[in-house]
Amino acid sequence: MNYLTRRLVTFPLVMLGVSILVFVSIRLVPGDAITAMLGTEAGLLTPDQRAALEAYFGIDQGWLVQYGRWLAGALQGDLGISVTYGKPVLDVILERFPLTLELALLSMAIALLVGLPAGVFAATRNERSSDLVVRILAMIGQSTPNFVVGLLIIFVLSVGFGVLPVMGTFTPFFENPLQNLGQMILPAITLGFAFAASVTRISRSAMLDVLSEDYVRTARSKGVPALGVIWRHALPNALIPVVTLSGVEFGYLLGGAVIVEQIFALPGLGRMVLDAILQRDYALVQGSVLFIALNFMIVNLIVDLTYALLDPRIRLGDR
Amino acid sequence: MGLPFFQTGAARRIASGVALAAMLGAATLTAPVAAATLRMAWSQDATGLDPHKQTAFSSIRLLELIYEPLVRLDSDLTIIPALAQSWEFAEDGKTLTFKLDPDAKFQNGEKVTSADVKASFERLMAEETGAAARANFLSIASIDTPDETTAVFNLSQPDVPILTAMTSINAAVVPASEIASGGIGTKAIGSGPFKLESWEPNAKEVLSANKDWAGGTVSVDGIDISVLPDETAILAALRTKQVDFALINDPLVATLVPNEASLTLDRTPVLNYHVLQLNPSRSPMTELGVRQAISCAIDRQDVLDTALLGEGKVAGPLTMPAYATDPAELFCYERDVEKAKQLLADAGHAEGFSATVIAATGEPPTAAAEAQVIQSQLAEIGIKLDIKMMELNVYIDTWLKGDFDMAVALNGGRADPYSMYNRYWTKDGNLQKVANYIDDTLDDLMQKGRVETDPAKRKEIFAAFEKHLAEMSPWVWLYTSYIYTAQQQNVDGFVATPTGSLFGLSAVTIK
Amino acid sequence: MTPLLSVRDLHVGFGRDPAAHEIVRGVSFDLDAGETLAIVGESGSGKSVTALSINRLIDFGGGRITRGAIDLRRADGGVIDLAAAPERALTKIRGGEIGMIFQEPMTSLNPVLTIGEQIEESFRLHRGLTGRQATAAAKDALDRVRIPDAARRLKYTPHQLSGGMLQRVMIATALSCNPRLLIADEPTTALDVTVQAQIMALLAELKRETGMAMIFITHDIGLVAGIADKVMVMQAGEAVEQGALDAVLDTPQHPYTRHLLGAVPHFEAGRAARSDYRRPEPPVAPPALTVEGLTVRFPVTGGLLRRRTGNVHAVDGVDFDLMPGETLAIVGESGSGKSTTARAILGLVQPTRGAFAANANTRESGNRAPVQMVFQNPYASLNPRLRVDSILAEPVIAAGGRLSAETTARMTMLLERVGLPLDSLQRYPHEFSGGQRQRLCIARALMLNPSVVVLDEAVSALDVSVQAKVLELLVDLQKEFGLAYLFVSHDMAVVERIAHRIAVLYAGQIVEIGDARSVLSAPRHSYTKQLIAAVPSIDRRHETFALDLRQVPSLIRPLGFEPEEAAWQRFGADHLARAEG
Amino acid sequence: MSLLRAILAHPSGRIGGVIVGVYLLIALLGLLGMTPHDPLMQFRVDRLHAPDAVYWMGTDLFGRDVASRLMLGISQSFVVAFASVALAATAGTVLGLAAAWFGKGWDGLIMRVMDVLLAFPAILLALLIIAVVGPGTWTSVAAIAIVYTPIFTRVVRGPALSLKTRDFVDAARTFGSSRHYILTRHLMLNLVAPLTVQVTLALAWALLTEAGLSFLGLGTQPPASSLGLMLSDSRNLIEMAPWLLIFPGLAIMIGILGFNLLGDALRDILDPKMRRAAA
């Protein structure tokens, strides 16, 4: 597909841009790996000691040399070694990624399972009281910061009910799916809350648009019953904005949900990058931001492919 | 005080709890098996495994469970044996001899020998290691190893505090073989009570008991440490019995622990001190009167009551019980706004001035609150403070450069006054640039204290030092706080030390 | 015997208080089986609302039947009042007993479902057919509307077919379950005139085959002559006149019917052509506009590297000239290149080749913009966020002028000339009706006193009676300012009223050009003949059209392709036609 | 004025308009210092005082009046939200217009740069900016603005591209109108509607983002107050002083609700496509 190849060609360009941006910005931040490791004690180092440590962390060269070295490695798939983890950056990322992916998938599933039917329902009840209730709920969902939702969930469950999923020791899905889901469900709900609200709102307005289209009138004129009109004729046409929104949100979620990961103590990408920034683990910050950006672009690509799947005009057109 | 605003009847609470647990899946209930593994949580993880390089409290707490120094401090800050069974200063104070525990073994099975001690200290002293603690050991001229269990430190000058410095895990003895192979920092092979089985930074550690530990018998099978970055989550985990033992930093969270009948909160006063650092090289803090005015204008107890909910003790510069003076005897520890105004006016700043105070975000958790109370208190004498919060590393960078008017800080304390303060208040102290204050009296007292071996005389010297320091007010010392450990009823035997060490976990039992 | 459909005192309203906002106010009519009723009216007359009320689709458009009855005799002989029927009963009737087709075939089919799926659905719903049976039935339905290669087309999605084809698919769908009543709501308005003729022919043929009744809604009274048995004329929600076709067309009673029949342009095969101008021979003045060998090609790219694989020959070697005071109409169907020609002359498209020269109006000096344009859609060609004074001032400012008293004076003069109130200057476009907006566009085009005005489908978007008035205005302005018009249109009836000369464009080339009366009354080129034959007329009653399934040739040519040099045949003083091979 | 009337006639516009209006009033009062108490005054004897007649919404850890701080917080949050959205909208408009108008290479370049910003995890971008410059009101503004610029660029570029092909732009070209005239009169004026809608919705998002940044300690700095900072400061005090969470929480929710309702109404009013659906 022509359009696809053009998108693929811009991939490396954008990635290069991202890598330069992250490289420069992380180095503009005061403090380095040495102060991150030694804290105020770093002041006790003699100049020779400091030089030795800079060489150890690979920050003794100029930026350009560092970037060149890093880029050369990255092109060969070597993102460098994380100083905090003492492991190749890619290994560290790939250890954290499954959780982030699962969390993103679960939140999206919740958002779509709740938001889509709610939005469609509201659209068919346009301007009636049930529509208003759904809309108000959706707006409240959209206007509550997710840390408030997360903290309230934890608080209500632990104080009010005395139960809480195991926090801290995270169980991978394939080790014990039940326990894993038990751990993931609350963060997923926290993230899915606002996500579902957005899906509700966008699917409602898209459905309203579609329901006023000529072909819906045609379907009705053929005697298609109300449910058939909604699910078979209208919904597939209303999905594109929903896919767009879900794609963007999902893409962001793949970058890690810093706040929710922090509250629920999940070892995901978001916290990893946050910690990497705080600990000045340059290689890890660079590698993971690049990884996240790549994911984001792949998700966008998938979204575009989904458009083609949904809409034959895009599938067969020579866009 | 606690008023849980979702109060429910006990019966309903249990019933709904069960229902909810079922809903969330059986997995959410904590394992009922009385495992002998201690489940523990903390909010800040270690940042590395090299005992000679890591200086953050969070790293030291972990490494103290794995590595051992030659000597360590007990809960009264008395020096007690660790790897060394005994030690002795020579008459001239220039030779220090250690006798090692012949049973001590590293976790790789090798015996701990005097060669390891020599190699460890040589590594520590080498510039390319980049060990911050090197500054404390500059007086070591050479190390002799007459036999496997004897290590002799030859000092270039009498140095009493060096023994206290050796209690730090930053002076841990590591296997010479690991030094040679370059494995320090990537693996953790110590001689301590626990072995590090796995470490996932910022997520969790798994420790197992070291059966061969020469220092005693560890009664738990191991420790699973979870990193829960949000301390409210730690509290929630304690409430739902997911963890047996937790370390808490934030007094706001800690004070909630006793509300839960099944939990015990232990608070131990620590040597670390909360302080408002002034920069005496910056006008108008160059004026003694201005600094003293600030000291007089601050109501230390009020800051403590507000920012830490009273969780701490107003303290002078010397926080170790053996040397501490009653704060009431120190300069202006009773707030005196009138005097402050007078001092300020005498210094030519009757109408006050503006300054910026820096503080680190979340380190300590109470920093922002302290800054705000101080801001409000100083406003009363016309000093307008501008608070600048900084991410920790940015703060450290700024702090090390001495690039601030004032700084809210939580600085580390030591069991020995000299080790604690020589870096700031001697003329060639490594952090003299941070303190930015040169005072012959302080320098002189420091040097005297360093070489004096008679405890009573030392105490006298440092009492004079403390009094002078408080009066000169280069900094405004506020108070010391607590380290908090919370534990379930089934945990027993933990003893905390004022250094904040969790070494006491080696003696913990689980019922 | 009761009629198939009997509508009594139908009232339909909209909004929160439907009774207070009635769009249809007391319409009654009867329709027998096999009969065709044409409902004629302009926009806002309530004709579509009436149609949508019959199968109660109006419920979904925010309307409510406030009064009246719609009695339908069902297949089993029972009578149901559709106005009061529950939705459940209605879904059985819609598609099963009443079929419907709509104005816009391009938007009336679901873009994400294949043609086959959409036709099969009707069989599934009303006949209970599934799987292979339904597919076979769908294929038969497509065959029935004369779609070639039906089996393959079933797998197409709507965007792969042309408008005319889609309207056939719509008809196939609507008729799939042999409804006894078909409602056709302006089914040909969006289509080209030759396609319209074919759809009309198809509908007539199918009606004969099935014996169904039909309600045909249109704004074009000329169109109904060929198909209707009865006519109902609607105005402002009321049926002002109804009766048998001939009676209504020949002896209209109501003034509005007379207006529709008289004042509105109807095609009269050249008889109504203008006779107020004749080309002086030899020419006394240089032409206002000369176009020579105008060629516009758009690249077609393909493959991974987006290499140029061919060209769309949108306009291919067009020559003509236009004298001051003269109107040249360029007619053609969609895709013929007529709009591209106009746009190229205005510099909106870059011509590949060719030259054109415009001469300034000789009567006044200081003229810097000899050619101006009026666009088709008056709603789109005025910036909705600008006030009328800014809109009219724009050409002056663009030409480097300033908002002087002189400019304002010209604005007021032109507003008055195009028949708009003087306070218009302080108003925004949305405060005007479509016809008024087109007058604004004309005034704007005249601000710089051009010698040539290009009118691109300038009256096509307007209601029929408004069309007539704007055409009158154009003729008056032409005389007053000595304007030359290049009038681009697909509507032969309109062209007849305004053109002095006509150029017929087909596939990017002029196939016939000459004096309007001559071209319209005696077309020479086969395409022109076909085009003129397809134009509906009130004179051609109960006429059947032959179905013609030819497709317009593709305009995509390989790289390097050049059309043959045209050979022209002369018919009379001013009438040329391209020789056909 | 007719827009105001249209908003008030629209059911959700009325609610949203009233909420936003009341908040603007509160923000103004907050900025003018017309609060029940001094929002910075620490009544330390009344620390963590439950709501009563004196302290309508209770006091915080320092004994500051929550109601007064809430007013200050609303004004602070509004300043951050309005300033960042204004910056992002301006930058996005310029870039989007440039991309749409110049097309080809410029379009490619601008949109690729926007892709870079979009692909860069937003909160991390904000974090890095804040880490470099240091946290504070104006840094939050800059960070949020940079995160939103690509979104506005897209919002402007799409309609600008389609406006570029509209008849009235074609008409302007036939007159020979200058680029400047076409850009300002024909494109910009018609972009006001989609921009207004997007701005209103972005304001809601900016309030949320500010709250998120404050939670990570990167937003507004003490002792100033913002809704997000109040919320995040309350997190460890939920049990002791629930009013510290409840009031700012409600304030932020209702505020965002107001912006969202107003945005929806504006979309209905300004977007002719929706007007058709509503008719």
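Going in written order, the chains are labelled A, B, C and D, and every chain counts its residues from 1.
One rule holds in what follows: a contact is a pair of C-beta atoms (placed from the backbone, for glycine too) under 8 Å apart; a residue touches a chain by one contact, two chains touch by 3 or more.
Here the structure is a predicted model, which is why all the values come from computation and not from measurement.
The minimum number of touch steps linking subunit B to subunit C comes to 2. Counting only chains that touch, the fewest steps needed to get from subunit A to subunit D is 1.
Ranked by how far their CA centres sit from the centre of subunit D, the chains are topped by C. Summed over C-beta pairs in contact, the chain pair with the top total is A-B. Mean C-alpha position of subunit A lies 50 Å from that of subunit C. Spacing of subunit B relative to subunit D, judged by their CA centroids, is 43 angstrom. Averaging C-alpha coordinates per chain places the centre of subunit A 38 Å away from that of subunit B.
Annotation for subunit B: residues 4, 230, 232, 391, 394 touch two or more other chains. Counting partners per residue, subunit C has no residue that reaches two or more other chains. The multi-chain contact residues of subunit D, meaning those touching 2 or more other chains, are 131, 235, 238-239.
Chain pairs recorded as touching, per the definition above, are A-B, A-C, A-D, B-D, C-D. Of all the residues in subunit B, the ones that touch subunit D in their complex are 1-5, 230-232, 250, 252-253, 256, 259, 302, 305-307, 361-362, 368-369, 371-373, 375-376, 387-391, 394.
Residues of subunit D that touch subunit A in their complex: 12, 112-113, 115-116, 118-124, 127-129, 131-132, 204, 208, 211-212, 215-216, 228, 231-232, 235, 238-239, 245, 249, 252-257, 260-261, 273-274, 276-277.
Across the interface of their complex, subunit B is touched by residues 40-42, 44, 47, 61-63, 130-131, 134-136, 217-218, 221-223, 235-240, 242 of subunit D. Within the complex, the subunit A residues that touch subunit B are 29-32, 34-46, 48-50, 52-53, 56, 83-86, 95, 151, 154-171, 176, 178-183, 185-186, 262-265, 267, 271-272, 275, 278-280.
The part of subunit B that touches subunit A in the complex is made up of residues 4, 6, 8, 13-14, 16-17, 20-21, 24-30, 41, 47-49, 53-56, 127-135, 185-186, 200-204, 224, 226-230, 232-233, 235-237, 239-240, 242-243, 391-394, 396-400, 411-412, 423, 430-431, 433-434.
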